[in-house]
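Chain nomenclature is as follows: A, B, C and D, assigned in order of appearance, with residue numbering initiated at 1 for each chain independently.
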Amino acid sequence: MHHQDIPLEVVQDIYTRVLRIRRFEEEVGRLFRQGQLPGFVHLYIGEEAVAAGVCAALTDDDTIISTHRGHGHVIAKGGDLNRMMAELFGKATGYCKGKGGSMHIADFKIGMLGAIGIVGGGMPISVGAGLSAWYTDSERVSVCFFGDGAANEGSFHESLNLASTLTLPVIFVCENNQYGEFTPAHKAMNITDIADRAAGYGIPGLVVDGTDAFEMYRAAKTAVARARAGGGPTLIEAKTHRRGSHAEGEEAFLGGQTYRSDEEMAAAQAKDPLLLLHTYVSENDILPAAKLETLDAEITQAVADAVDAARDSPAPQLDSLFEDLWL
Amino acid sequence: MHHQDIPLEVVQDIYTRVLRIRRFEEEVGRLFRQGQLPGFVHLYIGEEAVAAGVCAALTDDDTIISTHRGHGHVIAKGGDLNRMMAELFGKATGYCKGKGGSMHIADFKIGMLGAIGIVGGGMPISVGAGLSAWYTDSERVSVCFFGDGAANEGSFHESLNLASTLTLPVIFVCENNQYGEFTPAHKAMNITDIADRAAGYGIPGLVVDGTDAFEMYRAAKTAVARARAGGGPTLIEAKTHRRGSHAEGEEAFLGGQTYRSDEEMAAAQAKDPLLLLHTYVSENDILPAAKLETLDAEITQAVADAVDAARDSPAPQLDSLFEDLWL
Amino acid sequence: MPRKTYVAAIQEALAEEMRRDDRVFLIGEDVRIGVFPSTRGLHAEFGDKRVIDTPISELAVAGAGIGAAVTGLRPIVDLMFGTFLYLAFDQIANQAGAMRYMYGGQTKAPLVFMVQSGAGSSAGHHHSQAVHQFFMNMPQIKVILPSTPYDGKGLLKSAIRDDNPVIFLHSLSLGGKRGDVPSDEYLVPIGAADVKRAGSDVTICGVGPTVYAALEAAKMLAAEGVDAEVIDLRSLSPWDKQTVLESVAKTGRFVAVDESFPTCSAASEWAATVAEEAFSDLKAPVQRVTNQDVPMPFSPVLEKAVLPSAADVVAAARKTLT
Amino acid sequence: MPRKTYVAAIQEALAEEMRRDDRVFLIGEDVRIGVFPSTRGLHAEFGDKRVIDTPISELAVAGAGIGAAVTGLRPIVDLMFGTFLYLAFDQIANQAGAMRYMYGGQTKAPLVFMVQSGAGSSAGHHHSQAVHQFFMNMPQIKVILPSTPYDGKGLLKSAIRDDNPVIFLHSLSLGGKRGDVPSDEYLVPIGAADVKRAGSDVTICGVGPTVYAALEAAKMLAAEGVDAEVIDLRSLSPWDKQTVLESVAKTGRFVAVDESFPTCSAASEWAATVAEEAFSDLKAPVQRVTNQDVPMPFSPVLEKAVLPSAADVVAAARKTLT
């Protein structure tokens, strides 16, 4: 892990994104366990370096598309914690006025084109966002986050191939957290690196250590430059770990069944992206400890404020059922 | 082209299969142009070596699944010309009692599990046939024929991956005839060899000269042996040429537009599989000219008989509309 | 007025709208060469960027249309046969129609999915199904199926200008039908039915090819002294309930004619609505005329027997009159 | 009689049928660990070969089920949520239901697609749609949706023994419901409705979760002196028209309650059928109670307002009584 080629403000920026995601997700986990949040919740803890590194390499114009595990992507792209939290509570002040929920947060103003609850469902749409950029001769790139599980969906195949044949500025970021629900990636495919599939579409495929935010940033920069220069799509496979449940509350609904060993969990903990980043910036005196503490305190407070604001927000009016319909 | 490792009776068998397909398809083309056949018709002329070579490597128990361009596969697997022709005429004596037509011929008795009009639609089903063989510890293998165009469908990706993860005895035979309808394969994908996609599923991928029936036979033999031994699926890409139209009558419905150069057509003609085979067996005195002529006469007669029988056959009774329904 | 074929009118709508708005583009399998003549010639005029051939990848192409739409373009996604939309079903049901609502009104998805729908060319089950009934069920998806060249052009132009996802269905069997198509620009509004024949005894309601079965039936009924009103719905979602209810208020009898498998068909929807909202007007039970409830057979004699015919419509109308 | 949960009864049906017939196997995403407890414990008993985890590949898994079925096995394909079937729509619409007919009766496809259907857990649009209406339209596909543990077990066992493709829908919101489930083997026939409450004033017809809304409504109506008959259809295709028509012959009033988007819903089909075939019995217009016509919102207050409620049913029933 090193940051030699990365300006200090970017290091700080990446660190901030990772931390914001972490503190937000920790709080969401607590709220869910307390029974305060409706629906399903899939946390991004352990994978923060992927979204943070990638989004730090994007401009505000660039777009992203996300998955059922989408909170981290929204935050990394600059999403508003209050409107996110309110959405998770199903409140009228949420990003989607309570109509979307955890799996469907979007912020079109910042190029966050939406989280999609259908595994692989966002990939074709991201191709369309890339098509738009190409069509309008814009510099914009389109980023698609998806999981190792999604890489086995037909949409993966069709989307990468389509983006390749049209030479579109799309960056496919596969978050290989080793599991699709409870199935290990290596049982759902007979290959080690999903990045190898890129060859089948004639596009570059990179394996990146997804626990290292700097590596993610570098890989994304390269892919973004390539895309902006008209070089077409890239597939980036980020090897990462989901530290927590597939969906919050899974212990209960799995009835005591487990699917990961203690060693595996310990190894993932040792590669925790926030821990790695914190250790790196601390040990190398890149960001002063005091600053890190203030930052953490600020973010923690912002998350707490978001929760308070969400709680105090009104539930959607029944009238709103018939808003946001046909134009 | 050589047959050193191939017994003479197999050479003759392959030759017969190729010729039967050719003479049948030529006649179907004529009938279609004369307006005698309803619906759409996609001929296999130019690609006969693929089905013939592969099916010669199969037993009667092994199963195949086919496409909209399916006549050749049925014949290669041993299908009955009379019942095929009757089906094309939409007659009650056809394989499917007139309910299927050109794009949906099946003969379950000889392991021909059906032609499928949806591009890529047969691939998942072939995985199921392989699953069945594996489940029942049978020696049976499942062969799936599909086109270069189909290789861009999501079903291709999901099917190869599923067959690979379950180590099923499925042989995916991609008939790369260079076009999906009027789109050249190289515009629909940024790679030269579809076989390279096999690496993405951890299975062998072979490029084979699909105009050489012996090469096809060899490749199939290897893949069949591997599948029977529990080694799982193989992807075979057969480079071949469609000599005629995508669908019969395309000149008319394309309104004079063309999409292939004369040179390209001439090159394909030079690599015509029947021509190559005929030249080879003749020049090397493998099959006597007289025998070849008798064979051709017999087959030509059989096709003519099939046409006569089909013409004389009754149209389906209206009552038959409500047969072959729920059991 | 110039007379044009149905398919030429559709082509004209595409060309005019592409000329009018350069955010409009066409994408699909072999749209350049034009598998259906509806897209023929557009590539020559508009070039590579606006007439885009794709690999055979319905799911991705449909989704790409959606992604392009939510980022400011106005795609027309041509997926050839109606049944090929089954492969893109997820993108349409889960994404296209839902995005605006699901994201609280932040976005819109102005795009057109254009496919052939229905049977009539002996193409077998995989190429001969009507699909409108599926998309009618989905909230926030518009569905149209014109029966004439005039409507084909006018409705497609409206669809392209619509800010919502629209499924534009065209009928292969009507492709060669000729009709008047004005040279001056015009639009046909989505959601408005067209009364094709005024009558006082029975209301017959159809869409696309079944309009002709209905008209033919009306003629046969006239010979029996029965004066049928024939309504061409043109739009399936939203649909012009008002016109139908007003007609039934007059006639007291209703026959729904729909080329579709029977259960949960458009005919079921129309019949249920009339039964619900015009009950007191009804002098006889509503009647549905649809496909027979079997997969589409290949053989022309069987295919014909499966599809709703004028004779079937006459029989149904007679039932309302006894 | 032992009392069991809905989901436990389903699990029992799977286990018993797998014991009875070793051609029966289960395939799907995470069926071993059991995302839904319905498949829990089967892997321990039946092992790797008969309880097969797959990659997330709905189209291929569905098709693999079909391929296995036509080659002699009896697969149960579990694809988790109903909406995921959209990705397998082609295999179901074009292949599963059609193969037997299309190939002239040469084959059969005895398989079960098992998915959750409907809303009620605030999971948002992508995980909260009812899907039965789509499959009801397809010829030669059977569709069932039980409302009780007893029916869940008995119908699933029938589905597994059926020689045709069956879509077995279960309701997440009913998963924890308890009911009597006999220890002795029994089957519930596909296609037979269950009259849950006899009544003489109005017929209320539902399926799955809407049966409870209907029963609750019946109680509320009873308090007003209205005696409602409540029919649980249980099977959606084929469906028990006879029982419904007989009931309407008695009551003269009909309310269809269906958790589905309204247009071309099951409610439309039932209402149309009653209007067509029991017209002379009807004393008032048929009524449909369905979802509101919007994508499924996440927020519990909105979700609840979209779904058909007992109060909605009461209001509809009252309309038939004035």
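Brief remarks follow.
Everything below uses one rule, namely that a contact is a pair of C-beta atoms (placed from the backbone, for glycine too) under 8 Å apart; a residue touches a chain by one contact, two chains touch by 3 or more.
Everything quoted here is computed from the prediction, not taken from an experiment.
Using the contact threshold fixed earlier, the set of chains in contact with both chain B and chain C is A, D. The most distant chain from chain C is A, comparing centres defined as mean Cα coordinates. For this pair, chain A with chain C, the centres built from the Cα atoms lie 40 Å apart. Averaged C-alpha coordinates put the centre of chain A at 45 Å from the centre of chain B.
With centres defined as mean CA coordinates, chain D is found 30 Å away from chain C. Contact of a single residue of chain C with at least two other chains is seen at positions 54-55, 57-60, 83, 87, 90, 94, 101-102, 124-126, 140, 294-295, 297.
Multi-chain contact residues of chain A (touching two or more other chains) are listed as 96, 98-100, 104, 116-118, 121, 152-155, 157-158, 161, 165, 187-189, 325.
If the chains shown are joined wherever they touch, the resulting network links each chain directly to all the rest.
On the side of chain A, the complex with chain B involves touching residues 152-158, 161, 164-165, 187-191, 196-197, 199-203. Those residues of chain B whose C-beta lies close enough to touch chain D in the complex are 63, 65, 94-100, 104, 106-108, 113-114, 116-118, 121, 123-133, 135-136, 142, 154-155, 157-159, 161-162, 165-166, 323-327.
Those residues of chain C that touch chain A in the complex are listed here as 25, 27, 49, 52, 54-55, 57-73, 75, 90-91, 94-95, 99-108, 140, 142, 162-164. Touching chain C in their complex are the following residues of chain B: 38-40, 87, 90-91, 96, 98-104, 116-121, 149-150, 152-154, 180-183, 187-189, 253-255, 257, 259, 315-316, 318, 320-322, 325.
The touching residues of chain C, counted against chain B in their complex, run 29-30, 33-35, 37, 40, 53-60, 83-84, 87, 121-127, 292, 294-295, 297-302, 305-306.
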